[in-house]
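There are two complexes below, and they share chain A, which is joined by chain B in the first and by chain C in the second.
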Partner chain A sequence: MNAPAYNFAYLDEQTKRMIRRAILKAIAIPGYQVPFASREMPMPYGWGTGGVQVTAAILGPEDVLKVIDQGSDDTTNAISIRKFFAKTAGVATTAATEEATVIQTRHRIPEAALHEKQVLVYQVPIPEPLRFLEPRETETRRMHALAEYGLMHVKLYEDIARFGHIATAYAYPVKVNARYVMDPSPTPKFDNPKMDNCPALQLFGAGREKRIYAIPPYTKVVSLDFEDHPFEPYRFNAPCALCGAENSYLDEIVTDDKGSRMFVCSDTDYCEGRQAAGHHGSLSAAPYKERAQETSNG
Partner chain B sequence: MADLDMLDNDEPLLVANSLSKSYGRIAACRDVSFSLYSGEVLAIVGESGSGKSTLLQLLSGQLAPSGGHVSYRMRDGVSRDLATLGEAERRFLFRTDWGFVHQDPAQGLRMAVSAGANVGERLMAVGWNHYGRIRDTASDWLTRVEIDVARIDDAPRTYSGGMRQRLQIARNLVTEPRLVFMDEPTGGLDVSVQARLLDLLRSLVAELHLAVVIVTHDLAVARLLSHRVMVMKGGRVIETGLTDQVLDDPREPYTQLLVSSILPP
Partner chain C sequence: MTTIAELPPGFADKVLSAQSTFRSVMDAMARPGSVQRIVPMAGTPGPMMRGVAAIALTLFDHDTPLWLDARMAESSDVVKWLKFHTGAPVIQDSSIASFALIGDGALLPALERFALGTSEYPDRSTTLILQVDRLDAGQSFELRGPGIDGVATLRASIKPADLFERLRVNETLFPRGIDVVLVADDAVVAIPRTTRVVSKGS
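This part shows the complex of A and B:
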């Protein structure tokens, strides 16, 4: 049997044109959710069907692709999508943030600063920030159209009333370009400041909900808050157990059934880069420790 | 402020001019005209199906009339036809200068968010951005509608029917509207709770100098709250006048029937 002949990057050219038109419109109206004719992809909804379609539409033969899932390059989802494009588009893939031209991400923004030649593609499960407050789609669209965003503050008010502080830790609503309120996909709010004035183009694809939205480079992105309860990025207060980083976002890893846990960088590329550069944490594996000692001795 | 209101009183706040609404062949509302001045309470009474609720929706701009028009004197003193307002303006009016108290509090409240957020929502919608001040204002309003401030963080679904209705009133009045529409605000409440609610409404209306259009089938409510009464039947206004005049000395046979069908105490 012959191997199936895929079009470059899986989707046919007409579909890519349709998606590109939606992307262009999304860039023209920062933060606005553009409906598009989302296709079925060879993966289940919730695994990044929106992100994959956006990536497929913007990918060129010269691009270098990086895919992360919760900051990690080596989880099932990230590996599968990377392999998918390596096979269907034949593009080069990488784990290094600096080398990539297209980064598809689920739930994180890389720690390394992005630059102008990069595009960050987010996988979005629920694009509508007002969804759990206002169930009617007709109504939420009208609220966006008229910029009626009082309801978004009701959610933050509820957080403070219940927990004493804004307890929303991820999918923290932002206002883009002083107009549209947008759900930044379930990234931790730690990552929100990175979206502001970012040199890279940020694209958001929601496959099941059939929406694409975007933040063009160098766009103002403000996290919503109250004057007396300002926005604060949250980070567990500990250094990374592997690389000792004090300012990266951490994953909590349960290490036994007696309550032991370790905190490590969720961005694996960043963590490995730091370890290779000789940084080490309290639980670093021996080689790195030795190397670190060698470098400090010599 | 009081002086200003006095000056304003020369001009009606809300004017309905030969309003009609038909659903296909059914005329729900025919040729209704009246003026409402600030601080005035107008009761619309009549049996079910007489067009009361349709009229209320026409007046509040939720329905487009088949004929006639409604004009409202905005805060800048200029009267404008509701039909010419853009949707953004209409919705803004609805959450600032107007209130709408539904018969079923679940329609007017967000049942899953706390009472404080329910009251604060309108403030946040007009740009309040200080949690402490929003909360203080919400507590203040809960006190004014006789809800225990300790329950500010409870969701209205944990409230009794009477409390829900009072919360709905607080939520509407927090932006100090000049006109409030009420659709059977005491419907479904038991009589003692009704009496308390009416008492509260009466004092708030007087205190805030509110203009109110209240739809009710309960003549006792009309008698207690309103200055003027409009009696509707089959989509038409058949009798209108001062409340005591209409209720004590009804002219139309239907009004006489309505008044006489109240059981003597």
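This part shows the complex of A and C:
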């Protein structure tokens, strides 16, 4: 039941207005981090309080909410946020990417192509892409003001000097609308190309760091690189062990203490959808089901 | 003299009406040139259109200094209604306003008189809310920029007629600049600072 002591979607109206104004500015200045007065939420920092506040400010009773954590609909974080909004806003929830109107995500972009009626809300731990290169907020703010991003290229160059290739595999910096360098949150760089020219609106909320930023639909998003070291998305060179997908982002799962491992789609909805459509991988669960049935019959 | 009891009402359902209005404005801002509808209605004081009234109730509060053009400011109902329903301070200095309500586009002052933000904080700028005649017919404008898949065509009857020429300052100012929300009755179109008018016909 809805707890009557709380407002719709938990946040009070004044807070929602403040967040809504920040969202409008964020959309108007793609990639720029708008400061906002982040509130304490009934969950700890690091659990997606920024994303939750953005979701709470945009969510309406007609929305269908999907929450994923590293691509999965079934982890503790995803389930508790989904239940939080089911309880405080009474919204319908789903695991199906196509059905959702608002998708809150931690560290992944769904495999299924997003459409114009959707809003993707990212949970962001450290919104400032330059923070680990320059700890002073006053300095990073000036660097953004002057579009002075040489330091970021030096960092990527140092990767090449040390490892022979750009070793940054997640939170790979992007340039939005040819102006602001932006942290796409710790998504694997495999997902970076999906941000470019995306039909859906993308909103980013960082609760602890108190920043909101956005990529409007159909906006140019370029991963930083060099002419002789172009950006390359990375994925394990294997098909999904459950659904056989050759083009999805994979999680590596260690299956015993002898070094055995399996690779499965990180996007659970995508993987289950493919299995339901009859696709099988090398470790597909289907044969075991059949075997179990044979045993029970016998 | 209108007493508070005689003032036009705010939203019947504050929470869900504000949410629905915000989503229309957010969609408008995310997809410049597209015409969004504002469904929930509140009372409309004086010359204020119902779309503008809904936006005011959705986005304004004590943190947002407002600047009113002469058409809005001359109506004591508008000032009282805004004060009672939103609590937003109405100020004379347009250069520190969060929002500016323009009831009559012909009275739009030079854009430099509004807050344009700073290079460090480009978000500290005035958002113009401009009442226009029509957003479904009139002169046609071709828009490009983030949020637009290729080209968007807007047909609108807008005062001042040189609005888009004036907004070209956004090109040189970016990331500083002025965001504009056009309202005609219940229709809303947003022109954020990234939008460029590429051509226009009659």
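We take it that the second predicted complex is superposed on the first by the 282 of 298 C-alpha atoms of A that agree within 3 Å, B and C clash if a C-alpha of one lies under 4 Å from a C-alpha of the other, contacts with A are read in each partner's own complex, and residues count from 1 in each chain.
Note that in this section contacts are C-beta pairs under 8 Å (C-beta built on N, C-alpha and C of every residue); 3 or more make two chains touch, one makes a residue touch a chain.
Just so it is clear, the structure is predicted and the values come from calculations on it, not from any experiment.
In the overlay built on the shared chain, the residue A:219 is in contact with chain C alone; chain B does not reach it.
Looking at the shared chain after the overlay, A:109 reaches neither chain B nor chain C.
In the superposed model, A:243 makes contact with neither chain B nor chain C. In the superposition on chain A, contact of A:228 is made with chain B only, not with chain C.
By the touch criterion stated above, A:199 is placed in contact with chain C alone, chain B being left untouched. In the superposition on chain A, A:158 makes contact with chain B only, not with chain C.
In the superposition on chain A, A:150 makes contact with chain B only, not with chain C. Comparing chain B with chain C, the partner in contact with more residues of chain A is C. After overlaying the two complexes on the shared chain, residue contacts for A:177 are found with chain C alone; chain B is out of touch.
Looking at chain A, you'll find residues 142, 146 touch chain B in one structure and chain C in the other. Against chain A, the residues of chain C that register as touching in their complex are 14-16, 18-20, 22-23, 25-26, 29-31, 58-61, 63-64, 98, 118-123, 125, 127, 146-150, 174-175, 177, 179, 192-194. Listed in rising order, the residues of chain A touching chain C in the complex are 7-8, 13-14, 16-18, 20-30, 32, 34-35, 57-61, 116, 141-142, 144-146, 177, 179-180, 199, 201, 215-220. By the touch rule above, chain B contacts chain A in their complex via residues 87-88, 91, 95, 110, 113-114, 116-117, 120-126, 129-132, 134-135, 152-153. Residue ranges on chain A touching chain B, taken from their complex, read 133, 142, 146, 148, 150-151, 153-154, 157-158, 160-162, 226-229.
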